[in-house]
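Two complexes are shown next, each including subunit A; its partner changes from subunit B in the first to subunit C in the second.
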Partner chain A sequence: MLNLIISTLTEGFIYALLAYGIFITYKILDFPDLTVDGSFPLGAAVTAVVINNGVNPFLALLISVAVGALAGLCTGLIHVRLKVRDLLAGIITMTALFSVNLQIAGSNMSIIGIDTIFRLMPFGDMPQIYRKLIVSLILAIIVKIILDLYFKTQNGLLLRSVGDNENLVCTLGIDNGNMKILGLVIANALVALCGSVVCQQQQSFSATMGTGQMVFGLAAVIIGTTIFKKMSFVKGTTAVMVGSIVYKACIQTAITLGLPANLMKLITAVLFLLILVLGNLPSKGGRKHA
Partner chain B sequence: MKKLVSFVLAALMLFSLASCSKSSIPVIGISQYGEHESLDNCRTGFLDGLKGAGLVEGKDFTVNYQNAGFDDNITTQIAQNFAANDVAMMVAIATPSATACYAAAEDKNIPVIFTAITDPVKARLDSGNITGTSDKLPVEAQLDLIRKLQPDAKTIGIIYTTSEPNSVSAIAEYEAKAPEYGFTIEAVGVTAQSEVTMAADTLISKNVDCMSNLTDNNVVGVLAGILEKTNEAGIPVYGSEVEQVKKGCVAAAGIDYIELGKQTGAMAAKILRGEAVASDIPYETISEYGIYTNTPAAEALGIDIPADITAKAIESAE
Partner chain C sequence: MLELKNITKIYNPGEVTEMSLFEDFNLRVSDGEFVSIVGSNGSGKTSLLNIVCGSIPVESGQILVGGKDITHMPEHKRYRNIGRVYQDPAKGTCPNLTILENMSLADNKGKKYLFASGINRKRADFYREQLASLGLGLEDKMNLRVGSLSGGQRQAMALLMTTMTPIDFLILDEHTAALDPKTAEIIMELTDKIVREKKVTTMMVTHNLRYAVDYGDRLLMMHKGEAIIDKQGDEKITVTVPDLLHVFNEISIECGN
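Presenting the complex of A and B:
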């Protein structure tokens, strides 16, 4: 039981990195960014290749962040400069990335037996399961703190106002488009970072691992913000971290209950619905809902 | 908020209830990548194999079967669930499940038995407390079969999904072996099932002499649509397993996944009994492949199936 909780928390912390990214695009920029399904495996593909070539796994994290940022930049430029609708801009980059990922790492690539960030941590003989928990917790918290600090800077405040009040940003003489691009760059850098950590955790890359990540991220953001809706002192980043853990716990519960395999998705859906309803879904016609 | 707390508590109780129903009978955790005829056959065969080795379900072992619905992220959580519940053995059907089980099992040194993996070496699953069976296609047997049925054929068209590792490695083998049998391979890659019938049109327009299938999920899924087009164009299609021949492919030299599962079950029985350790058993490739023919489909396309092949055919659809 304890082990199961530890594994689930670990999953939640790791995927919180991706949820932060979606929090920025969906909640702050009001931008449904489908790039995610491509930038997540992109981070994993790059990680698998560089680690297989003897690059330090921590450096692999940074490389993934860089390529993820590039993916976000593509979507941003397509949307802002080429004036393609937000949803389509994401779809275009995601579709292109599918081929890019196959070029980088093939259909799948294993890194079993090679040192990962989890192995390299100086924790002595500690079992992998605890190493993974500690490393993922540290990563989730560090990134959260960096984001929280960034949101308080002048640039961060501008970013937050783009989704809420574009006119305000314009009157300040700032280019809205550039802020959107910046947001997409940060978000996809985080998503690719998550892909890199997941690749190192499950020790393999697969071209199809990105499928459904956007949906997961959205669910995590919405669950998290719904749970803490009445507690305004809780930061958005904290809320989505919790949302990510709750989502993974739902799936683990469905698995643990030993329900018929074909019904698992349905059960998971019912669990989400319960959480959303019990967390009291938005009441008086606010603007952004699930 | 109170409601939420009570819900979380209730969920936790369910959680612990489910996990405390443990007994002393060893549990075999079976993680299957998705619902699919061949993979289902692997599982059925595996359980048959255990039975064949004298192990009785409910007395010597119990099964915790999980299916990831082709979702890579779920495979990880299933494997973690098995590890947390200290299963006696993890059985992984298909590559993504196997790598996930291996990663989750390493702390506790739980043996992992895999099946339906084409290339265990490339997946780095050939060492450690892990063993199993590979479902590599008998490519040479298939080429030989096609040569016998179509002595004048020159090109073989193959549709494959670029993101399926099994298909990619099978294509490489086809391309390497085809010249020995006097064939050239015309391979068309797709990324989704919706592109498969378009790829079939492409191959037909390139005038291939026949088409050969892999165990590619996307292609096999719309086989009926492909056959409709190829039958009109008069191009024979060769399958890779018995199910495809039943659906209308002319013939196949393929694997029987039930047999593959049985072979895997026999290996697992040895490990469960403590007669062997997974890390000492090398992975096995199925040695026996079956020849399957579909006489009506062949006749419709004007292909004579030589008597010596019909005689060898394990199953002949009428």
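Presenting the complex of A and C:
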């Protein structure tokens, strides 16, 4: 039982990285970014290949961040410069990335027996399960702190304004489009980072591992922000991290209760619908301010 | 000096709903001038402002600022020298940021938005002073989210934020129209004070004829894409609200209303 809780927490922390990314696109930019389903396995594919070629696993994280950023840049340019609708721009990049990922790492690639970030950490002979928990916690917190600091910079304020009030950003003499592209770059860099960590945790890459990640991220963001709706002092990143853990716990519970793995996506979809409906309920009372 | 030369603006060109608004329209606004613009709906007031700001393209003609052609300059670049306050108070501020963050953001206009702290603590006292001059008590709520302020408070902030950095033009797009009469009055007086102090060239579109008569040193009345009244200096002083109403009525009869 304890092991189950620990592995659920570990999953929650790792996937919080992805949820931060979706928080930026969905909550801050108001951009439904489907690139995620492609950039997540992209991070994993690149990681599997470079680690197999003897690259340091920490460096693999940074390489994934860079390729994820490129994926975000593609979606951003397609949307902003070529004026394709947000949803479609993401779908285009996602579709293209599926082939790109196959080219990079084939349909499956294993990195079993090779050192990962979880093994390289100097924790003595601590069992693997605790190592994974600690490493993922550290990662989730470091990234959260960096994001929180960024959101308080001039550039971060501007990014937060873009989704809120494009008009204001424009009258400040700044191109909205560039800020949107920047947001997509950061978000997909985080998503690919998550893909890289997941690949190292599972010690494998599979071309289909991206399916449903966008839905997971959205669910985590919506759960998190709904839980902390009344507590405005809780940072968005914290809320999203909690959302990620809660969601993973729900899925874990479903599995523990004996629901067949083949029904996983159906359960995910039903759970997501529930969250959306529940998340909507309180706002029926009407917002006080326009 | 702002010059609009031979401007032609056609909405929905090539479609059944094609509507030519401006045909060979010309306007000169001198530096430091405060122009009030009135006119019925669809007369071209807001389109005029949008053309100046680059929010909509023109079919032909030139827009010159200080002799420099800005006809093809993108909107956001033009705003480096233009400040604009909209009718909707929500458009001038960012609801999810605090008052202090909003002020800091606006104060940085014209500079690069990089990784320095978004909150300008050194200038906080200056912001407080500016907010205090509004007399709305906002100076004590610097860390409050702007989304929780009233429309009037937000509009006052928008006005402060737009005029905080040096600009060549102030564009006011019915900026008092969404406010209650008392708040509108406060915002209008504040506008006049800021325009006088900063000596900034201003174009104000309003539906309030009294504001158009009482404020500004030039009055334009737009009708079907033409300035049918253009009074400045002493001529403007003699214009009264009944005069304007009279013209409005004549136009209405002409249009078959």
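Note that in this section the second predicted complex is superposed on the first by the 259 of 290 C-alpha atoms of A that agree within 3 Å, B and C clash if a C-alpha of one lies under 4 Å from a C-alpha of the other, contacts with A are read in each partner's own complex, and residues count from 1 in each chain.
The working rule: contacts are C-beta pairs under 8 Å (C-beta built on N, C-alpha and C of every residue); 3 or more make two chains touch, one makes a residue touch a chain.
Keep in mind that what you see is a predicted model, and the values were worked out from it rather than measured.
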First, second, both or neither for A:154, with subunit B first and subunit C second: second
First (subunit B), second (subunit C), both or neither touched by A:69: neither
Which superposed partner A:110 touches (first subunit B, second subunit C, both, neither): first
Broader residue contact with subunit A after superposition on the shared chain, subunit B or subunit C: B
Subunit B versus subunit C as contact partner of A:223, first or second or both or neither: neither
Which superposed partner A:172 touches (first subunit B, second subunit C, both, neither): second
Which of subunit B and subunit C A:16 touches, first, second, both or neither: neither
Which superposed partner A:186 touches (first subunit B, second subunit C, both, neither): neither
List of subunit A residues in touch with subunit C within their complex: 150, 152-158, 160-161, 164-165, 167-176, 232, 288-290
Subunit A partner contacts - residues on subunit C that touch it in the complex: 74-77, 79-80, 82-84, 86, 90-97, 101, 104-106, 108-110, 113-119, 145, 147-148, 151, 162
In the complex, subunit A residues that touch subunit B: 1-4, 6-8, 11, 98-99, 102, 106-108, 110-113, 127-129, 201-204, 206-209, 211-212, 216, 227, 230, 248-249, 251-253, 255-258, 261-262, 264-265, 271, 274-275, 278-279
Of subunit B, residues touching subunit A in the complex: 1, 3-4, 7, 11, 14-16, 18-20, 32, 35, 64-67, 69-74, 76-78, 80-81, 83-85, 95-96, 99-100, 102-104, 106-107, 122-125, 127-128, 162-165, 167-168, 191
